[in-house]
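Okay, got some structures for you below.
Here chain A shows up in two complexes: once beside chain B, once beside chain C.
Moving on, here comes the complex of A and B:
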């Protein structure tokens, strides 16, 4: 039985793997709003409004919202963050050129929304990719807030989500590092 | 005449046809401004918003089985923002005053959207 519903936002610069991450994480089909990209962004389509899917963790039901990545859509970041308990912020680990934009964007989120953030460094399957500790240093975050992952992996996406829940103070029975703890809703 | 100039002309003639339209923007479906008569600071955001409105409208129309999206309307207590799908290559965003004749705005804006589709086709 679902005892609590939570809203999670997945954000990060264009091409970080947000839509893929949500597809991996979510248990039912994901609602996407993608359009043909008219800029060179390394892929054919890009999200213009949001992605939406649901994921279940023990007694938790998560409503997962993905944002567009381009700065011109920052108004949508504000709209989607309303009522969110946490943020997964993805950065493409093989594209250091996108790191400055990622840092600006992350600063925006951190200074506007007081929620736990986990940074996921994607594309860890590639040979030339930044390690999560190096990205943590670049973003001036503690290493426990940053983890390497593949957005295509369901296990990886769930691990990222568990990390956010742990930062928020909730363990998920049977899946959490904090074994045997019964989840409690923070006030 | 370049495409850019042709698009600008479509906007100008739309503005001329309906006095109560206070601004218009033409953007790619992913929100990059192609032409606009809004202020330089306002245009990029308006273009992105037109794309968001149209993209979300498209998904809603498909999910609730009302076909492929043609228009999205936002009505405020002081005016309207309307987004028209202009083929596959662009969206047209129109800002109109609260006293505007919505039928007239639609008539002219739909005609403008058809022109845009031909220009960018």
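Moving on, here comes the complex of A and C:
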């Protein structure tokens, strides 16, 4: 079988749920590079290089790369974004302390990569969590670019993926995804 | 769902724009004070400031707001649809107030994680193009930077072009952003992605939606 491939990147600050999101979305075992955190970041382990997983849709293979959340690993962001058709950017809705760092990261991505970006506000199962529309207001994004989700939910991770496609104009009324405008994933 | 946070990493100047179009009360509790300060929002304005169990007069309200702006410790939470008891004493448009607050924001208040990444690209907003309501020092800076910001330029590139330090420029751009004069440029608006893979997105869409 000849595989056709697309590449999606998942990013966001430390503790946003990137690794979990990729595990929910992907069909095969996810390659993790988690190590014990060397500083207090609110969890025991953290991703130091990248996460990687694959999801299969017939002869279409989706490569999903997760960036490390700490800014000192930002040199990896550009490399991982190469050839991606979209970015899912996660922020933990119960941790507003991480929002300024998230906005700093997001601004970098949005201003340097010409692909749709969907922001997922995670931990929506918790009682005290920011709503997606409030996070959209803070990040100054349109509400359609931000959605609330639980990173553990396969349905939610697929919903985020669908939203990326919608921002390309696919599947929406008067579909207008331009032919030949999707970045080619590495073979 | 609540809006809440800690002023340590989420300063008031960032909270106000979120609430500009809401009706309700923002409560702020600071550790050095036993009282909770409450700002009431209605019709895109702050219509009241409550502290020490009373609605403050404009002068007292302004002093309290300045104190809140400088606060680096304290917690806040928003209550939807809560109105002040008694007649509103203020009608300060949030947008105008933000401009004032942005002018007063000094470097000591801005924490590094709020400042943009050197590679983040900025451009002028419509307000920035009009150059209205900017303070004198920012106006001078904005005029100098305007030709570069028309098309969008990174913090590092602009610092080089204007021959100023990157940290100084980052603070200037942060202030202008809070005031609504500049915003991160969207790469997607400026240079559409290109590549040969057509139809794949539709294929993925069909697979995800069961062929709808």
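Some points to look at:
One rule holds for everything that comes next: the second predicted complex is superposed on the first by the 162 of 187 C-alpha atoms of A that agree within 3 Å, B and C clash if a C-alpha of one lies under 4 Å from a C-alpha of the other, contacts with A are read in each partner's own complex, and residues count from 1 in each chain.
One rule holds for everything that comes next: contacts are C-beta pairs under 8 Å (C-beta built on N, C-alpha and C of every residue); 3 or more make two chains touch, one makes a residue touch a chain.
The structure displayed is predicted, hence computed values, not measured ones.
In the superposition on chain A, A:16 contacts neither chain B nor chain C.
Of the two partner chains, chain B is the only one touched by A:31; chain C is not. Using the contact criterion defined above for the overlaid structures, shared-chain residue A:96 touches chain C, although it does not reach chain B.
When the two complexes are overlaid on their common chain A, residue A:113 makes contact with chain C while staying clear of chain B. Here chain B and chain C are compared by how many residues of chain A each touches, and C touches more. Legend: residue contacts after superposition of the two complexes on their common chain; A:149 is shown touching neither chain B nor chain C. By the touch criterion defined above, A:76 reaches chain B but does not reach chain C.
Residue ranges on chain A touching chain C, taken from their complex, read 4, 6, 57-58, 60, 62, 74, 83, 85, 96-101, 104-105, 107-108, 110-116, 128-131, 134, 137-138, 140, 158, 161-162, 165, 168, 170-171, 175, 177-185.
Chain B makes touch with chain A in their complex at residues 28-32, 44-45, 47-49, 51-52, 54-56, 58-59, 63, 88. The touching residues of chain C, when paired with chain A in their complex, are 1-6, 8-10, 14, 17-18, 111, 113-117, 119-122, 152, 154, 183-188, 190-205, 207-209, 212. Touching chain B in their complex are the following residues of chain A: 31-39, 46, 48-50, 68, 70, 72-73, 75-76.
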